[in-house]
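Each of the two complexes below includes subunit A, the first together with subunit B, the second together with subunit C.
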Partner chain A sequence: MTLAVARRAEATALFAAQGVPTRRVEDWKYSDLKSALGEAGIGAQVAQWHVTDLPAGVEQFDLSQANPPGWVIDNFARGTGNVMSAASLALSVGGVALRVPKGAAIADLLKLDFTGPGHVRALLVLEAGASLTLVEGVGLSEFRNVGFEIALGEGAALDHVRVSPADADAVLVEEAHVRLAAGAQYRAHFASFGSRLSRMELEIALEGAKAQAHLSGVSVLDGKRHSDVTTRMIHAVEDTLSTQLFKHVAGGNAKAVYQGKVTVAKGANGSDSNQSAKALLLGEAAEADLKPELEIFADDVKCAHGAAVGDLDADSLFYLRARGIPEAEARGLLLHAFLEDAVAQIANMDQRELVRTELLTALKVIA
Partner chain B sequence: MSSVAQQETKKQVADIGEKYKYGFVTDIEMDMAPRGLSEDTVRFISAKKGEPEWMLEWRLGAFRRWLTMKEPKWARVHYPDIDYQNAYYYAAPKNTPLKQSLDEVDPKLLETYKKLGIPLHEQMALAGVAVDAVFDSVSVATTFKGKLNEAGVIFCPISEAIRDYPELVQKYLGSVVPVTDNFFATLNAAVFSDGTFVYVPKGVRCPMELSTYFRINASETGQFERTIIIADEGSYVSYLEGCTAPKRDENQLHAAVVELVALDNAEIKYSTVQNWYPGDENGLGGIFNFVTKRGDCRGVKSKISWTQVETGAALTWKYPSCILRGEGSVGEFYSIAIANNYQQADTGTKMIHLGANTKSRIISKGISAGKAQNTYRGLVSVYGKAKNARNYTQCDSLLIGGECGAHTVPYIESRNPTARIEHEATTSKIAEDQLFYCLARGIPQDEAVSLIVNGFCREVLQQLPMEFAVEAQKLVGISLEGSVG
Partner chain C sequence: MLEIKNLHVSVGDKPILKGLTLSIQPGQVHAIMGPNGSGKSTLSYVLAGRAGYDITEGSITYNGEDLTALPPEERAAKGVFLAMQYPVEIPGVTTMTFLKTALNSQRRTRGESDLDAIGVLKLVRAKAKTLNVSEEMLKRALNVGFSGGEKKRLEILQMALFEPRLAILDETDSGLDIDALKLVAEGVNLLRSPERAMLVITHYQRLLDYIVPDRIHVLAKGRIVAEGGKELALELEAKGYEHILKDVA
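So, the complex of A and B:
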């Protein structure tokens, strides 16, 4: 696996040059990883992964083993531009690679969990025409860094649902790098309940015509919890489509962060991109930081973004109370309504219901 | 840094420099400081301006600080490294010989004046032609000064203010843009040689629009301008900077600082039209414009409104901002930034909401054509005590042709649950059907583009004072000539 060795060496050099990000690094302005980690630093442990009931038709390979198959070599460690992704590649020898062969439509959910402290890598390849629903579980740990790569072949379709649980002490970082060939579809939902520092970073490259990505997410944060979703959507070729819808509710001293950058490359005409990020602040000391960014090098495009921060609409609250609904309940209803359109993006009904239930539980505490 | 204009300046300066053989520190009769930047240059400028000791100390402090600073590189602008030791920092404007008639003026320049509809006598003044009785600038200025004196408004070059109103200058200079603020502002603090000082006393509504154009001795735009405008309690002032006519300034590096202070219930309206030399069609030459503009709404219910039309300069680095400190204060930013050929513009605003019930509004229209790059970079930040703060931001980009870029980088930070912030942005191109519609009705292509783009920026153009608005509209069209087809 000489190519992988070379890529690992590159990643090691990159991480050595940049180090653990601090607030002074523009991309990490709102998430100070270095101070969240404190003395302990990022360590060099290898975190664990676990697949529950591997669905029939999905191939699995343990990255800590020798002699990887060709599809792993072809797709492993392709993107190392991101500093934390480079760290996971440099420091982890473990991880998992999964493949759905050409044309296979997998009906069962693929449940992949990451647990324990340290760094871990994952690779998921959907070959042309394949389809799958991935449910990613996030186990609590003082610090974990996951470097995830996803490659979607022509016309492949992946539904990805990730739920990051609440924990005041955990520092959870993940970078997903998703590549889409022509006609491929990536639909992802990220629900986050916040931890000491929680960062989900996505780089999505729409590399084939008619490729499309639809991202949505909700976060409900309380106490001193933090949640950061950072996305980078690259429309590399023409006629690509992307949508993003993120909703945050922050109470207490919590901090909700959304940074989204949409790039339309030169010549990527017919690109269509929509980005929306909204936050409701419920706590006197809560904070929301939104940065929806556009970078456009082609003229025949449709790009729009919107962002808003505020509190619950007083008129709506009054309307509900005038109809005899107690204030707490009315607030709960409005908060649920605020989050619901992002939750409704989850295609799998069972997963949608699961996320919704967790949201409602979290809202009860915060509202 | 190799424009023809630059070469000419160097030659001119070198010629004069050779005549001078006495060491410049002791002799302040000389009209220019030698090449390079040192404490001696700063002392020279200060001596030349006849400044008091405290002012010199302030400049030297800035200079020493500047030596420790690094040039910021985060903006989306690319330019060759600037050799700060290879530039001239002070040259008195009187060296420019007056032309005897308009015939001596570059015909290209005259053509543009005509398109803008600038009256003949103004054309002469702008192009540096000796003015005759038709346009007596002195008498205009005298009537104008009389009116201001009556109202008690101070409106003078900053060097005069340092001499005549030292206590006011000491109180406000550097109070909005501190000496240590940023690389270019610190450089300005060390070497500024020109600028405007305005003080509007309590309760006075300034009887006219103030404009640098009418200020005596201000026909030459300084390379390092420093402007301070103070609106005392309950006063109002509207200030116009620049003009729509193209400015063939020969200094390539510009670093201006503008400080605005609005006290209780005061309002300042600051309008800029910037049309400096943008470089030629191949991106050669042109002005590098690094500007720090900031307004401090210190008083309750004070208001500061920035309006800018940026069409010139090869490179623009400019973020007019408002610090909304006073309760109920209001900040506004209306901007049109046009970048054509190889121009690069990185411009936007910062609205810092510190006080309760503060409001801000941002309307930004960016137009890119040719191979230009146009970036809106903005920050809306609501601090914990800014109860009920409100912001509305709209930034729209228009692309003309597939070779240019339009970028939007908004930062939105809220730390107060009662604050409400809204941000919208769109990117589009000139619609073929709109263009076709105009062409089909016999409107020539350039005029059609001008019409459509003017429609796109209408909300901002409306904010300009009347006399500016008409010319600015034409300027929008002229800046984009030949960009379609």
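So, the complex of A and C:
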């Protein structure tokens, strides 16, 4: 039995109708996928996945195999209208499904890497009360499209850390669809060093009361590199909480994009949402497109959003230099400080330190 | 140690300093007093090397060397220190990390070896005690959430740590209550030495009750318009700047 036959057919139809997004599509205004791909297009290859040392207590299923277990059938291809997610579903039978059973607290990191060109699907299910830290690795490839679904049961807690490495040529897109039941917590950090086109798209549905999502991210971009984080946060029910903090540093001809839409549905009273995106531009040709958006259909909500683009603070730079710190080092220190509050959102200390170290290396080049 | 001759400085197209001449010897404490807009802060920034201040005429010589040719970090390494009127807040950098980075940067520029973290910590702790700078302050982000007094004490702590040969104090008294002022002044007085010169820039005579200068210069409209001993401060306090400015007009 092939999984989700009907949904694959729907996805195929959706992708056929819309095609590879161009700048004319509002959501893709700052990330021209079609031109980044050129004549090669999105192809129909199946990309690879790899789990390093599956932690004890986590169940794994290869989506290309027959006879999926019930938890895969129940949660797979629950679908959204996202065109690239539809493409991955339509074009790939490959991928991985992972499950953390009810109440299991997994101490070891789950390391999941995606490699090679093409399309791949992933499903991660945390049942009620389960907890896990997911470290997602992004292998370089001329083109890869990952369609990721995450389902968090009541009171489940997932920490997700994703680092997208620097590369001049890679075109890397991913769509994550995260559903949270009551009291579930999703905490995610996206560090990006940019590629020809790099886009992390998230649709997060807070479907149960007291569900909360905390997103943060940093990018350090140079050359002609591009990095896009596009989020859609849906407060579907009352008393849900979301925070977003994204910081970008762009030099050269690089381009940083943050698009974040927060929707508070009718009846989702008492929702609390906070969005902040900031960028420092280090050159005349660097670009940042920050677009926080709010759509509120409920009463009594707390929604804050802000965006700011600037240069390094001249007073701070002078202060550090007047204390003997050479200019390049002073700039590096200030850039690092600028990113630090977003990095500090990573709960896992080892991962935080790893991201910090990669940032310092990238900042040395750019500062 | 410091020779300023006929210094003209513009910011943008606007001339601020118009022929300032000043000479300071090691061991001396000089005060510069002047009304708002007289060019006091411009002088301090020019000495520390801030960008955007164009020297159109004149010279600044420090220990026989043309100071204006050096970037700010090299001036610092050679012993020039500016205690700033408005110390900046830098979220994301702890005070201790900043002190260590600054101290070792200066040492490296001078060709000295780095002090290790423990060495710096010991040094900082020893100096922090006399200035009533707590361990907790050192762990906080640089100047973030510090009171006016805490910020100024941290400036003086840096002065004690870097052991400059020429210390410039720009309006160190601004925003301080009398207790904080006394504490800061005590810290400064402890650092007076035969090898060190100080330039104390202030609007009010108050600070000079506690840091008694050898010489006072009155700066107005970009030039030194009056000079004298410590009694000049009292005269200014009693009669105001207008009185002196009228005489020179």
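Here, the second predicted complex is superposed on the first by the 363 of 367 C-alpha atoms of A that agree within 3 Å, B and C clash if a C-alpha of one lies under 4 Å from a C-alpha of the other, contacts with A are read in each partner's own complex, and residues count from 1 in each chain.
Note that in this section a contact is a pair of C-beta atoms (placed from the backbone, for glycine too) under 8 Å apart; a residue touches a chain by one contact, two chains touch by 3 or more.
This is a predicted model, so every value here is computed, not measured.
S.K.: On subunit A, do subunit B and subunit C fit together or clash when superposed?
M.R.: They fit: once the shared chain is superposed, the two partners occupy separate space.
S.K.: Which holds for A:44: it touches subunit B only (first), subunit C only (second), both, or neither?
M.R.: neither
S.K.: Looking only at contacts as defined up top, I'd like to know whether subunit B or subunit C touches more of subunit A.
M.R.: Looking at subunit A, the partner in contact with more of its residues is B.
S.K.: Return first, second, both or neither, reflecting whether A:333 touches subunit B, subunit C, both chains, or no partner chain.
M.R.: Touch status of A:333: second partner only.
S.K.: With the two complexes superposed on chain A, say which partner A:6 touches: subunit B (first), subunit C (second), both, or neither.
M.R.: Neither subunit B nor subunit C is touched by A:6.
S.K.: Go through the superposed model and pick first if A:293 touches only subunit B, second if only subunit C, both, or neither.
M.R.: first
S.K.: Between the centres of subunit B and subunit C, viewed from subunit A's Cα centre, what angle do you get? Round it to the nearest 10 degrees, please.
M.R.: 80
S.K.: Based on the superposed arrangement, let me know which partner A:306 touches: subunit B (first), subunit C (second), both, or neither?
M.R.: first
S.K.: Between subunit B and subunit C, report the minimum C-alpha distance in the superposition, expressed in whole angstrom.
M.R.: 14
S.K.: Is there a shared patch on subunit A that both subunit B and subunit C touch, and which residues make it up?
M.R.: Comparing the two interfaces on subunit A, one with subunit B and one with subunit C, no residues are shared.
S.K.: Which of the residues in subunit B come into contact with subunit A in the complex?
M.R.: Within the complex, subunit B touches subunit A at residues 74, 382, 384, 397, 399-429.
S.K.: Provide the residue numbers of subunit A that touch subunit C in the complex, in ascending order.
M.R.: Of all residues in subunit A, those touching subunit C are 313-316, 318-327, 329-330, 333-334, 336-341.
S.K.: Show which residues of subunit C lie in contact with subunit A when the two form their complex.
M.R.: Residues in contact with subunit A: 48-51, 71-73, 75-77, 82, 84, 86-88, 90-93, 98, 101-103, 105-106, 109, 158, 162.
S.K.: Using the touch definition up top, name the residues of subunit A that touch subunit B in the complex.
M.R.: Answer in residue numbers: 26, 266-267, 269, 279, 281-311.
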